[in-house]
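The two complexes that follow have chain A in common; it is paired with chain B in the first and with chain C in the second.
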Partner chain A sequence: MTMLEPGKWYAIAADHDLPHNHIYRTALGGHELAVWRSSDGGVHVWQNRCPHRGVRFSLGEVVADELRCQYHAWRFATSGACTFIPAQPDMKVPGTIRAVVWPVALSGGMVWTGIDPAGSPPALPTGAIVRAIPVSQPASVIAQALADTPLAGLTLIVQPQDQESAIVRGIAGDGDLARADRMLTALRRRIEQTA
Partner chain B sequence: MILYDAHHLAPCYAVRLLLGYLGLTAEIRPVDVYPGRQNRSEDFLAINPLGTLPVLIDGAHVITDWQEILAHIALTYGRAWYPAHDSALIGWLGLARDLDASAGLARMSDTFGAAGDAVAARTRGNALFDEVERRVWFAERAGQDWLTGGAHPTIADIACFVCIAPCEDGGLSLRDRPALRRWCDRMRFHPGFVAMSGIFPPMANTAR
Partner chain C sequence: MDETDPILWNDWHPVAARCTLDPARAHHTLLLGVPIEVSIDDSGSIVAQRTDHASLHQDERHGLIWVCLGTPTRGVLPIPEADEPDRPTIVVGAVAVRTSAPRVIENFLDLGHLGYVHAGYLGDDPHTRVLPYKVDPLPGGGIIATQCRMYQPQASPAATEGFVVDYVYKVERPLATCLYKANPVARDRFDIIYLFVQPVTQDSSIAHPLLLCLPDGTSPEAMRAFQQTIFMQDKPILENQVPKRLPLTDGMELAIAADKTSIAYRRWLASTGMTWGVDRAA
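Let's look at the complex of A and B:
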């Protein structure tokens, strides 16, 4: 079950959301995602669910170039393949034990993913990445509000989280992050109050 | 030092956490608040007539307010953790009391059936979390890791952390508050961190 458009790239994080040794957590189209950066700078977007017992990967930890689940410390390589099961240290881990790995692209200071995304993510104008603002309304309502009343100087994209909520991301062309933040939090209040 | 402690209470955790960061130890005397209500016993009320926890006894000092305990320990044993030059300290400590009365109340209501309006508490907690998220995000842009600036956390960070980190127990979420999640990680990875139920210690350095 998904509410995503196949072939489309969705921005789900900014580059600054992914320091080393951290697992970023978000949702896209009803899917919970865990996003992390390995030591080579590569970014990995996974379903936020350990294949063993279903615990969120975002509760776990990045250890060098592997992600370790908090529950039983199973380790997973950047490919998604499980590499080590502490309770059975001498066992060769079956290749079928894998995290669900999503496509990933880094572009315009953002992390993008999607379902069978085609080509490259859309180009963004130069500027500063604004603070992402979650809004408790469907993406379609937010997109309509932005179409009705564009916010001057901001290029905005909407990340659908689930049927009831979305995250507004974007670029401030003039680099004024404080101004952009005031505009976006006002937008959030307006949409959440009037809907 | 003697610390009368209830493991699951955020204000008690704040004291244990500060002791951990400063490398101090105290004699921990557990008090069974839920379900034992030992904090309402005559023995405990003789120590603290308000019946609240934590209580710290340090020599002649008997301190019954959690933030006063943090201040006392910092001023006595780790002065840099009490940034007296920074008026924002007062704001953060006040905000932490609001967090405890909102997100903290929701947690105590959901997990231990504490009296109070959990729905209103969550609404207030969400508004406060949004504001702390905004401040931490902009602090990160300015290169600051901690609530009051400086090279390490202070009692401002500790007081807010213990109300924010266990918030999912009370039906709040950090999922869409990425700056708070990063700040919580920085607290967890800071040397001397101690865990509590639901707040995991770093495991990166444990042997494979």
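Let's look at the complex of A and C:
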């Protein structure tokens, strides 16, 4: 039911989307993800769901090197293992209680993940990272539009969110973010209207 | 919307509170996906009807208007304590929640979240340990949890200090639950809070809480405000539970000993054959 290509890396956040103590929420191919940075600078991509009662991790809190669920304050280490359950503070937490952890790579100012991604993420040209633009159209429609009419000076990556929507991310080679934003919002208007 | 669930279809559900109805405009709501209109006239008589004019059963109990869309096999859940002369019934007000009705009931039964979601009111870090308690089946169906104890800094508007509160929880019908907790003044008697959840669609519901507390000088407005604060703390948590339907299959969510009531509630729902608002996928 996944719409993701196994072995491929997908960009799902910009490095600057992850200030300390923030949990960034996004979706990839129908999978909701929580992306966060621990105090050692490491970036973590998890299924956005606490294994206890299914509350979104993105509601939670980063406490030093752990993520704490907002519902019952269960704490999870960067490995995904649950380390502490306040309702039963003396219990040794069973190893089966874990967050679902996705692969992660940092490259070109982006955070990348995927299903069994192979090798390294694709190299991106130098430049400035443009504002991510969500588009209410399937990734395939957007990719086709970009192939038909390339946007000059921009290197773009399409992140499929679900069957109906995607996020366009990318690099402005000349660093002109205002121009890039105008081009991308115009693109969005065009693609969403022709649907 | 034609996946009707005979368990809920033939049961009674609240669709409105008398005190919130207005003769100037009818109240529109959904019950199990079926559009319902509730109107009150100037003389105070109330009519609930399906907008497609198919028949339904209507009743009024505990300040709430109740509807059964199918064939009722029993009456609206009785509340014996409502007849105690010194115990008023206070309608807290409806709270719409974008999740399934059983998720709302399960949250009401949950001790482990009190110290976090209701920090400073019904619990507080580090008094978050859930002490062992008992869960048993009720003879007429449903479950009862006894010997529950939680430290509460502000158990009710009248509480002047934190203390360890004794709790009993009951689930007598799939979408009706209540708790008994020690009154902060008359500690040998119980305050009672009922929660009836109206199943709107499979993924959305309306909570109708009811207070049956001993008068302790707190005005009904302050009692309502306190409970509304508590429910508003729960709402964002409930609306961020994935999936919205309560999983009934073991392994979809991981429970610990402190979750005994939740485990018993899920197993009981599974045994009833209820399908609305639950996830039975393997």
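Annotations
Following the convention adopted for this analysis, the second predicted complex is superposed on the first by the 195 of 195 C-alpha atoms of A that agree within 3 Å, B and C clash if a C-alpha of one lies under 4 Å from a C-alpha of the other, contacts with A are read in each partner's own complex, and residues count from 1 in each chain.
As a convention for this text, contacts are C-beta pairs under 8 Å (C-beta built on N, C-alpha and C of every residue); 3 or more make two chains touch, one makes a residue touch a chain.
This structure is a prediction, so every number in the text was calculated from the model and none was measured.
Of the two partner chains placed by superposition, only chain C is touched by A:72; chain B is not. Of the two partner chains placed by the overlay, only chain B lies in contact with A:21; chain C stays clear of it.
In the superposition on chain A, A:131 contacts chain B only, with no contact to chain C.
In the superposition on chain A, contact is made by A:59 with both chain B and chain C.
Legend: residue contacts after superposition of the two complexes on their common chain; A:81 is shown touching neither chain B nor chain C. Looking at the shared chain after the overlay, A:143 reaches neither chain B nor chain C.
Within the superposed three-chain model, A:49 lies in touch with chain C and out of touch with chain B [touch as defined at top]. Within the superposed three-chain arrangement, the count of touched residues of chain A is higher for B, of the candidates chain B and chain C.
In the superposition on chain A, A:4 makes contact with neither chain B nor chain C. Once the two complexes are overlaid on the shared chain, A:101 sits clear of chain B and of chain C alike.
Residues 59, 70, 73, 86 of chain A are contacted both by chain B in one complex and by chain C in the other.
Residues 111-113, 115-117, 125-126, 128-130, 236-237, 240-243, 247, 253-258 of chain C are the ones that touch chain A when the two sit in their complex.
Every residue of chain B that touches chain A in the complex is listed here, in rising order: 134, 137-138, 140-141, 174-176, 178, 181-182, 185, 189, 200, 202-204, 208. Within the complex, the chain A residues that touch chain B are 13, 16-17, 19, 21-22, 24-27, 59, 61-63, 68, 70, 73, 84, 86, 131-132, 134, 161, 165, 167, 177-178, 181, 185. Touching chain C in their complex are the following residues of chain A: 32, 48-49, 51-56, 58-59, 70-73, 85-89, 91, 96-97.
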